[in-house]
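The structures considered in this document are given below.
Shared between the two complexes below is chain A, which has chain B as its partner in the first and chain C in the second.
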Partner chain A sequence: MNFTITRQNLQKGLAAVSATIPGKTTLPVLSNILFEADADGIRMSATDLDVGVRIRVPADVKEAGSLTAPGKKIQEIARELPDQPVQLNSRGDQVEIRCGKSHFKLNGLPADDFPELPQVGFEGGWTAEGRDLLSLIRHTSFAVSTEESRPVLNGVLWELRDGEMRMVATNGHRLARMRIPAGPSMQTTTQLIVPPDALQQVQRLFAEDAEVSVARDGNQLGFSSGGTEVYTRLIEGTYPNYEQVIPKDNDKHAFVNRKALESAVKRVAAVASDQTHRIRMEFSQDRMVFNVLTPDLGEAHDEIEVGYDGDPISIGFNANYLLEVLRYVGTDEVKMSFKAPERAATVEPMGGEDDQVPDYLCLVMPLRLAD
Partner chain B sequence: MSTPGSSSLPTPEDRPRRILLLDCDAFFVQVARRMDPEGAGRARLLIVGGSSSGRGVVTSASYEARPYGVRSGMPTARALRLCPDATVVPVPRSACTERSRAIRRRLRTLAPVVQAASIDEFYLDLTGTERLFRGESLQASAERIRKDLLEHTGISVSVGGATARMVAKLAAGRAKPAGVHIVPPGGEGAFMEGFELGQIPGVGPKLAESLARRGLRTVPDLLPVSEAWLVRWFGETRGRWLWERARGIDPTPVVDGEERKSISSERTFREDVVDDPALERHLVQLALSVGRQLRKKGLRARTVTLKLRDHDFRTRQASRTVEGAVESDRAIREVATELLSELRARRRVPARLLGVGVSGLREGDAPRQLSLLEETEAAPPPETERDRKLSHLGDALRDRFGDEALRPGRVLEDDPEDRED
Partner chain C sequence: MARTIQILADSVANQIAAGEVVERPASVVKELVENALDARATRVEVAVDQGGRRRIRVSDDGTGMGREDALLSLDRHATSKIRTAEELRGVRSFGFRGEALPSIASVSRFTLETCARGEEVGTRIRVRGGTVLAVEDCARTPGTTVEVESLFLNAPARRKFLRSSAVETRAISEVLAPLSLAHPRVDLVLRSGERSLLEVPGTGDLVARVRALWGDEGADGLIPVEHDGEVAAVRGLVQRPDRARPGFRRVQLLVDGRPFRDAGILAAADRGYRTTIPQGTRPWIILFLEVPGGTADVNVHPTKAEVRFRVRGTVEADVEEAVRRALEREESAATLGSAPATGAMQARESAGPARRPSAGKGTESEGAGEAQIVLFGTVGATEPAPGPAEEEKGRGGASHEIDPGVADLLDGARGPRLWQVHRAWILAEVRSGLLLIDQHAAHERILFERIMERFDAGGEGGQRLLFPLTLRLTVPEVEMVQSLAGLLHRAGFEAEPFGGDTVILHSVPNPHPYFDAERAFREMIDELTHGSDLVRSARNQHERLAMSFACKAAIKAGQALDDQEIQELFDQLFATRLPWHDVHGRPTTVRLSLGELERKFGR
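Showing the complex of A and B:
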């Protein structure tokens, strides 16, 4: 293998793949990046066995071939190279890097040792606008569970059906759901549970205006656009019936300025318990009152004006769950809906008449005093 | 211990400590009476725990009901046969926790070091406050604090005072109800002579029996036995411990702050344990002991940890954090058993020590985060209300009849030579 590449292209490739290199691994070859040179340029790949990233970058290839080289080391070197063409040349299992007067030899491992990235045929898949995909990911993936007890909740549910793309994530205490109309090309009906790490790579590597091809093969999912590919293992299992838990009869609605609510919650949460982050909110005619009482710490009281004309209701929440949801709702005004103190509350974005308001819903379960 | 006169200025170590133990008098009864002044508050004969139909067990009985033979841990039905005129009320759990916190808050204004040992017991260390309180005697301090608490929290306590924690605790027993008993510095040994060995906190029924087999029943029985013999019989740690306690020596400090970070129980086997079922039997008992300590403090735990030391002294640990927080024996045992089989699957060699621990502790009455999803077959909740009730019932029975009263079926007769720490 022997090729010459601009420093920018080398760095672009390294930046794309290196985030997938696992920090700690028992399989040494996973610390390496796979370089494959052919007539069209080079391909660089990295994987942690769950998620894999591959990118094609232009290069002047003198001799085709492949080799793996330590990812972190190459990245450290490339970062400080002068702005001149970089030549990479394999000698046995070593890779030689030359750039101006700089010269390096790094020990690599044979390309055959590198795990093969899944083969996913994109012809049988579908396409999605980068803009839509990124928006879905940004609005939902924060809500996945990080506990091991229910693996399906560690992923984001991605559904294609009824001419819509939906993403849903929950940890059982709060849930985020977003729906976006799919383009006419979308004929597929499917349900996938995608690890958030893979979605994070998608978010990082694809642009808003990209046309992203997506395809599934068995329990592997692939994303591809403009020479960049992301592959991931799908989480197996049945996602809980989330539609069932989204309340349809919440009849008390509060219209609240998001910033005012956010800063009031942050203020009173300062004296909430470190363990439960419990704050109490009371709604009455156009008023929202916050109360926090934490034994051994202190108490807080606050009030903001809201639009509310339902029956008074008092409800306890984990302040962190509320703040998280408010961060993603986006609009200046939000609508909070309730039924009863121990039933799910929903938070939705609100806009003016001309505003494009996303079809987005967050659900937060209250905190209850144990009996 | 330092020798007197070894230096001219008294260092803090030379100064006798001034430790008080405040033990609430029939705490649950007092709280129940305050909550319902018209009902429970008027009942002289009051039983807290269980229901008037006779289900459940007695958690606490008023001093007036005790002469009838009513004791905590007794089935309420039996208590009602002994004392048919008694009023029965359920345990006001969250009110008790709230009151306990109020006592702790008040104590913090009265003493520099406050340690909540359980929901109704508080250690204070007043060492170094002699000048602050203008040379007030420990007796006077104890009486002042007793009165202050009654005034500010409405709860009556008995106070024991001494230079050592264990002695203060025994003294509080002598002070009950509503009294003060101070053991003066230097008087610890003489005070201890009035006790049976089984009354020393930390001497369980098993150890007491083991001592009795050697003819040692009371503290005076033990005093002539040399430390070397005790060490030979009961091991380095426990032998020395016994020798000290019998003389009223207990260097355990009073540690400020009630928030314990973790609770654990471990066991070193006399002979390495080879097979998994035997390890699991030990695990059942360790989980029970941890669960009991956890519940005694009114706490729940989020994380269960298993510790395994193999015959070659390699120590391995595994932990799991559960959904919600647990307090029942079943939940702790099940998580610990899974962790054990994971560790054993990785390396199955003879084991010399097994330990079970819990951490991520929180108050048992902390607000509970409600869950969205149905608790499905695939992910049942780590524990149910029934598990919690069963565990509390087990505690009540063991408090009353001793640890041997109720044992899990699969636990074989223990080897008394194993050390439990």
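Showing the complex of A and C:
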């Protein structure tokens, strides 16, 4: 293997793949980046066995071939190279790097040791606008569960059906759901449970205006656009029926200024228990009252003006869940809906007259108030 | 020398709990050594032959007696230690009955040699079976020697019950142990025939004394107790939880310098250990109680082995609290090295019992105000009495410092540097060296105390679940869930029986982000239904649930924690009452002191 590449292209490739290199691994080859040189340029790949990233970058290839080389080291070196063409060539399992007067030899490992990334045929897949995909991911992936007992909840549910793309994530305490019309080309109907780590790579590597091809092959899912590919293993299992738990009969609605609510919650949460982060909220005619009482710590009382004309209700929440949800429901005004103190509450964005408001809903389960 | 011994009036004598004073050689030794200590001896030598059956000899360098006293001392109810029934209350000397010498003299060949300080000649009195054979001059240094030969020569029934020499000799060294703890400044020697069985110098170092009596292994794991309770001031040594073992243990209780037995007080001390040691473990306990005059009645048992407390409940509570406080301190934590950091513990006698204002003159309050033993010299306001105690200061006055709290662990206001290692332990750099914290054990302690607090405060609201958990359990488990419904609710679990073997969980507590509610609940109900050492060690239903919950809900080994989580765990652990011990009776923390590190590296 022997090729010459611009410093920019080398760095671009390294930046794309290196985030997938596992920090600690028992399989040394995973610390390496796979370089594959052919007539069209080079491909660089890295994987942690769950998620893999591959990128094609232009290079002047003199001799085709492949090799793996230590990812972190090459990155450190490339960062400080002068702005001149970089030549990489292999000598046995070593890779030689030359750039201007700089010359390095790094020990690598044979390309055969590197795990093969899945083969996914993108012809049988579908496409999605980068913009849509990124928005869906951003609004939902925060809500996945970190508990190990229900692996399906560790992923984001991605549904394609009825001309819509939806993503849903929940940890059983709160849930986020977003829907986006998929456009006329979308014929596929499918349901996937995608690990958030892979979605994070998608978010990082694909631009808003990218046309992203997506395809599934058995247990693997691939994303591809402009020479960059992300592969991931899918989470197996049946996602719980989330539609069923999203309340349809919440009849008490509060219209709240998001910033005012956010800072009130932050204020009172300062005296909430560091275990439960519990705060109590009471709604009555156009008023929202906060109360927090934590033995050994103290108490807080606060109040903001809201639009509310339902029956009075008092309900407890984990302040962290509320704050998180408010961060993603981006509009100035939000709508909170309730039925009863022990039932799910929902938070939705509210737009002005002609704003484009996303079809987004967050659900937060209350904390039971000990009385 | 002026006479100091008086015959107690019958009215007083009749109030004294009397009985068989002399049961076996060991009881003779006990009485004679007590007399020597009452006489402010600084050195007591005991020599026995054939387990004391042939000969017992106790010599002291105490006050000695003039001739008149020497003769009187052999009369029944003749004592210099009390005069009136009032003085019985709060009496600080071992003796007060005036029974021991006459009883011993009546069943043996008995020789008393004594010489009072400042007298030219001493007195020798020879008695056989209670009859005085001779009273003569003798030459000796100040002090007293009592020799008892042919014990029970006129009581064949008693003689028959004596055991082998070895057994009797062992009994003799057993009776010396508590007396030597009560007077750590007195040199004590025990010889059997030609063999020296015990030789403890009176340095006042209690740990050294324990070491001499009972060996290094036990003495190495002792930590100081020091607590001024509501009525009792409690000092002493107890075993570090990680050193305590099931089975045999050493226990010594003393009140106002007097050894005694008391199951209730001992149980209170054991209660102080609750949750810090596994069930069935029996820590060593050596406690010195000081109580105000009149609180402890010593006149209840013929051989003074028991004491009656006027406010027993409070004394027990003081003892429990004293032990618990000792276990709160850093010294109670497990160490990596073999030698725990028990500082030099110095006992200091302020006023020996016989040094109290001589009987009759001293008022009761004066007598009661004197503390016989002050452990850990600097603590407390008790001024050392002039005399021997003053001299001792120079060589043994080192005070024992007790860490005032966890803030002291750290240098300044800066938090410690913390690392998680192998996803199971947290390494903390603290002033004294390194702490190795077991993340699971530490979190158990945190959750246990938190949930117990919440029980008291009316309970914890649970997190409602979007997808209620449907659990299939066994029938006894479902019954357990039902019977615990109220408590479970207060712990944050809203469990609804759904008929048959099914229970639905609508809400669950959320003690940390990695909490697996279903698994924790299942394991907890299983443990509560089928029992375990842990839940058997609990005192009541609240504790049982709290322990089980803490154990099942705590962060597990293998859980990676980020820096903030590590910090929180550390802070929360050291905000608990017993940060060094988890609820199973294992350490949460192992200390590696700088001293130990330096030793290991040969510095």
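In the analysis below, the second predicted complex is superposed on the first by the 368 of 371 C-alpha atoms of A that agree within 3 Å, B and C clash if a C-alpha of one lies under 4 Å from a C-alpha of the other, contacts with A are read in each partner's own complex, and residues count from 1 in each chain.
The criterion applied here is as follows: a residue touches a chain if its C-beta (ideal position, glycine included) is under 8 Å from a C-beta of that chain, and two chains touch if they have at least 3 such contacts.
Quantities reported herein were computed from a predicted structural model and do not represent experimental measurements.
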| item | value |
| --- | --- |
| Three-chain arrangement built on chain A, chain B and chain C clash or fit | clash |
| Which of chain B and chain C A:M365 touches, first, second, both or neither | both |
| Chain B versus chain C as contact partner of A:P240, first or second or both or neither | both |
| Touching partner for A:G172 - first (chain B), second (chain C), both, neither | both |
| Touching partner for A:Q275 - first (chain B), second (chain C), both, neither | both |
| Touched partner set for A:K252, first chain B, second chain C, both or neither | neither |
| Clashing chain C stretch [against chain B; choices 8-16, 44-52, 62-70 or 224-232] | 224-232 |
| Set intersection of chain A contacts, chain C complex versus chain B complex | 147-149, 170, 172-175, 240, 245, 275-276, 278, 295-296, 316, 318, 342, 344, 363, 365-371 |
| Residues of chain A defined as touching chain B within the complex | 147-150, 170, 172-175, 240, 245, 273, 275-276, 278, 295-296, 316, 318, 342, 344, 363, 365-371 |
| Contacting residues of chain C [partner chain A, same complex] | 450, 453, 457-467, 490, 492, 494, 506-507, 509-511, 513-519, 568, 572 |
| For the chain B and chain A complex, residues of the former touching the latter | 94, 98, 101, 104-105, 320-323, 362, 364-374, 376, 378-379 |
| Footprint of chain C on chain A - complex, ascending | 146-149, 170, 172-175, 240, 245, 274-276, 278, 295-296, 316, 318, 342-344, 363, 365-371 |
